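Letters A, B, C and D mark the chains in the order given here, with residues in each chain numbered from 1 onward.
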Amino acid sequence: MMVNVGVIGAGRIGKVHVNTLATRIAAARVLAVADISLEAAQSLADQYGATRATDDYHEIIHRPDIQAVLICSSTDTHSQIITEAAQAGKHIFCEKPIDFDLDRIDAALQAVVRAGVQLQIGFNRRFDPNHRRIKQAIENGEIGTPNLLHIVSRDPGPPPLSYVKVSGGIFLDMTIHDFDMARFLFGDVEEVYAAGGVMVDPAIGEAGDLDTAVITLKFTNGAIGMIENSRRAVYGYDQRVEAFGSSGSASSQNIHPNAVTISDERGVRRDLPLNFFMDRYTESFVVELEAFIKAIAEEKPVPVTGADGRAPVVIALAARKSYQENRPVRLSEID
Amino acid sequence: MMVNVGVIGAGRIGKVHVNTLATRIAAARVLAVADISLEAAQSLADQYGATRATDDYHEIIHRPDIQAVLICSSTDTHSQIITEAAQAGKHIFCEKPIDFDLDRIDAALQAVVRAGVQLQIGFNRRFDPNHRRIKQAIENGEIGTPNLLHIVSRDPGPPPLSYVKVSGGIFLDMTIHDFDMARFLFGDVEEVYAAGGVMVDPAIGEAGDLDTAVITLKFTNGAIGMIENSRRAVYGYDQRVEAFGSSGSASSQNIHPNAVTISDERGVRRDLPLNFFMDRYTESFVVELEAFIKAIAEEKPVPVTGADGRAPVVIALAARKSYQENRPVRLSEID
Amino acid sequence: MMVNVGVIGAGRIGKVHVNTLATRIAAARVLAVADISLEAAQSLADQYGATRATDDYHEIIHRPDIQAVLICSSTDTHSQIITEAAQAGKHIFCEKPIDFDLDRIDAALQAVVRAGVQLQIGFNRRFDPNHRRIKQAIENGEIGTPNLLHIVSRDPGPPPLSYVKVSGGIFLDMTIHDFDMARFLFGDVEEVYAAGGVMVDPAIGEAGDLDTAVITLKFTNGAIGMIENSRRAVYGYDQRVEAFGSSGSASSQNIHPNAVTISDERGVRRDLPLNFFMDRYTESFVVELEAFIKAIAEEKPVPVTGADGRAPVVIALAARKSYQENRPVRLSEID
Amino acid sequence: MMVNVGVIGAGRIGKVHVNTLATRIAAARVLAVADISLEAAQSLADQYGATRATDDYHEIIHRPDIQAVLICSSTDTHSQIITEAAQAGKHIFCEKPIDFDLDRIDAALQAVVRAGVQLQIGFNRRFDPNHRRIKQAIENGEIGTPNLLHIVSRDPGPPPLSYVKVSGGIFLDMTIHDFDMARFLFGDVEEVYAAGGVMVDPAIGEAGDLDTAVITLKFTNGAIGMIENSRRAVYGYDQRVEAFGSSGSASSQNIHPNAVTISDERGVRRDLPLNFFMDRYTESFVVELEAFIKAIAEEKPVPVTGADGRAPVVIALAARKSYQENRPVRLSEID
């Protein structure tokens, strides 16, 4: 079955998804693209042969020949569009985070449940071959009972200050990926302790945010996790995980553009790891959409649900509270 | 400028190239596909929206709206089709090797020169990011004056015996890639010494071929090279290069499907390297066609010429003679 | 100048030190060995040519021809012997920890100061070439301003339960090394938060201790550290550090008995890391004693002082309190 | 049983062995040291408590209380001293190579056989933990039937020209270690082909020698080997081996002074490999002497025999001939 798709939002991630659907996923067809800029919508539609561009996303939501919508618009529009798309009976793929507000998330998730449609959240890192291999190691019993999880997640450089100011703060903007990864690998979290500081750029601090954070997670299964965040790793995008358990350990290294080592009189060196999240996680964007389209086509459950989209927001809110009050915070205080 | 392409040969590599042109190279359009099996041609054309399928490649060669042809048919047809396509004024991308016979190669290359068209040979490994990085290290002076080159090239397993029998022998079929790599990295070769044996499958020996070979190359610049070939590396496709020079060394490792290490009570281990040449060299197939299309579109020289296609055949013939006579053979004895 | 040494304690670490002094350090001579077991003292003295064995350590302390004593006896005897040896005017090398009790530590350190002798504490890991290289990277500015420190410290297996019961608990027994390493690399600590659990052996929990711990450290310079402890890493002794800063990162890998990789049809693997602390840290035991003997001989300051021995005990006591009360604890609450 | 040893030759390697015997091997005692420089002999004897120094090696050979002699004098004296020591009934450890002349080697070996004493040749690399692990992989069947052997052996820099002139040439001086390693790992050689050049220093060429060589070995078991030699690897002492077989591959990497990686904005790098053979092969010198002393004490066969010392000389002579005549040379032509 061919799945007809409408894409809402023609920005950076919207372009990635339209390209993926057009060139890599034979079972999907992009019929229409919407963006608040009609020009952006038109340009993207033209490039990949979508026959319709619009600046009104309702048009997409209400087209009867569209089965699935991809929500790639700004975060503040997500819950509203999810609700409307669900009410229109569309299956939904929505970029993360769903929202910063739990009530609005809950309203959207309720609409999804009521409509009986499917909702997948765009936690693409779950589909990265490295993280998946660690997940598989856990599932295969290669590490035994999980004991300790360590996630290094450092950006190559901070986002623009204008973005920082509306980002919801480091925990909701950056660590949220790692909270999801923690849940993906080790399961539910019940308590969090966050330490952090402004070590990269004082202006981030003046904007009321942090740029460096260390978070301790207590999982409901008794295991303990650590997350390390920094907004600036000068050597590139640093994305590594170690899962340690009773019978072994699984750990990932960074991804480099080539496997060449240069030895000269100064040292033995490699080129820097990949710097840009699009390059580092290229394959994950393809695999997550393949999974979504396949689930829709085969009427099977999507792999990253609305509940999976909500949970890391709760952890992020608890982490923020923990940092503010400098004490461990149980998730039950938030939720 | 959009380059209109006709593809001759709808087998394994033909499919790869049509897919690449259709999904990855915006500046190219596949107008027609030819194959001795019309069904194969039709199927491939349909899959990627080419409007014409045929079992007569002449139709493609003579279509005025086609600027470039890709020759993906069997080796024995290459020189003939090159000649005809050149005479029809088409630019040509031809899979390697051009031919096993130097006279036929020369006839084809002469036709290309006379017609003033461009010919690129499909030595895709030159476009692999690892081999390119080593090339770049040499060009940047990172290793100083090249002294020693070591190429490990081992297949995960031998091809079917039926293929071995028509392959031209290991030097023309398998080592030819490595001869090209040697030339790409260190320049022209003037003498070759080949040792080898039947270590993988006696049936390969009974078919008159080798399955394991070690070749010493003397380059015209005074450097020395070694190539190691085996038809069976049980751990996967083993493709590594080391270029050693007066001020350093550049060496590549194999490519693995992930960067995860598992440690348990038995050892510290990684998953096997990629096993299939299509997976290992995926990106190189894209980059080589991008380079071809770009050269045609911009009327600039192609990166791997007919002369580059001919030279490794000469080395391979010398290697065969060297093995047969167990002595170093100068290329001037062949050519 | 030759330094004459008396060694108190002929157990495991006493043997290591006597061997080192006898075979690796030309500037030192072991004159006498004391142990509560005269037989143990005699046997060790005989093996390395020390002329005197005794079961009364006072004899060593009061010999006029001995300049330095090594205290390798059980922890509960350290502060007493330090005090007496200092009063007798001997320079002292004492195994860690000095004591579990701050008052007794302070009394001993006061005696050292009053006597004007030198005291070096046996934090041998500071002398490991890997940890030193990271220290050097920090001092050289290779990582810029320190931001994050991550210490993995996992034993291959838990000690006997009888030992656990008198060990002072994981923070004073095991993490104390890591607290010292943290101070060595990033400087003083002002707050600590400890999470942990019993994941290896319930009997350790029944004995009132933990076997797994995750500690967050806030350094006075604003940086943040993490320590991961487990009493059981089935793949060997896991000792790794990463120091991350504003202009780079320095990280160490485990030490393996060889640098050989085996590739077969199941994977690409290495032999396990070294399993025993004596093997892993062999060289550090030599270098620390060299440094001690050299400092004594040249009348220069020793590299790891009494204050360096006291500080990690304070951190350990804060970590214990933090774990018990599940909240961050400032060191000023302890000290 | 304590083995009393006399050491002939107090130069660089003599010092290493005396130190090893004195500090690492409890079952051996150095009674006397001889050197053509009495001062050198005396100094070394004094340092390690040997009671006698002499400039006449005969004194050592004829002392009844000495069971074993170590011959660490210059190569041209080896065969003579071996013969005399054997006739005096001493067990012998002799540095490599035995001699450059097969007749003199044979005379010495005959004397050893007649006297019924043991002779071990100092091919220390056989005792390196990395090379041993590869040997073990072969013996354990981890690589299946051996097919291909690749030895990289590059010095950090060329020896003084004065040494080059008396060295016997690169094959007898440098490659001889690799010929021994090849035999150690893959067994006997029957044919050799050597290519080479002067790429490091023209003065080496003017002295009639090579500084760079590539050698192909055909083993009697049908496997094929390659050796790569260079007198100058600017990044350090490059000593790597790969043994490839029907069911896998075992390969070693270089040894670095630490396991620390530095990542900064320019790249990801390690410190250079160990540069000096004494540092790189430290442990091997200890293990080879332990093996020798143990064999003497227990009256068991030594691990590297006179025949093992002779065989690589034959290969080296064949390699030299091969290079001079640019053709494969069978060992039967030499021997």
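We adopt the following convention: contacts are C-beta pairs under 8 Å (C-beta built on N, C-alpha and C of every residue); 3 or more make two chains touch, one makes a residue touch a chain.
All figures in this text were calculated on a predicted structure; none of them were measured in a lab.
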item: From chain A, the most remote chain by mean C-alpha position; value: D
item: Separation of chain A from chain D, taking each centre as the mean of its C-alpha atoms, in whole Å; value: 58
item: Whole-Å separation of chain centres (CA-atom averages), chain A against chain C; value: 43
item: Gap in Å, rounded to a whole number, between the CA centres of chain D and chain C; value: 39
item: Residue numbers of chain D (touch at least two other chains); value: 233-235, 247-249, 263-265, 271
item: Graph class of chain-chain contacts, one of line, ring, star, complete, other; value: complete
item: Chain A-facing residues of chain B, complex; value: 22-24, 129-130, 132-134, 137, 142-143, 247-255, 257-265, 271
item: For the chain A and chain D complex, residues of the former touching the latter; value: 233-236, 256, 263-273
item: Sites on chain D touched by chain B in the complex; value: 144-145, 147-148, 150, 152, 154, 193, 195-197, 199-200, 212, 214, 216, 218, 222-224, 226, 228, 230, 232-235, 238, 244, 246-249, 326-328
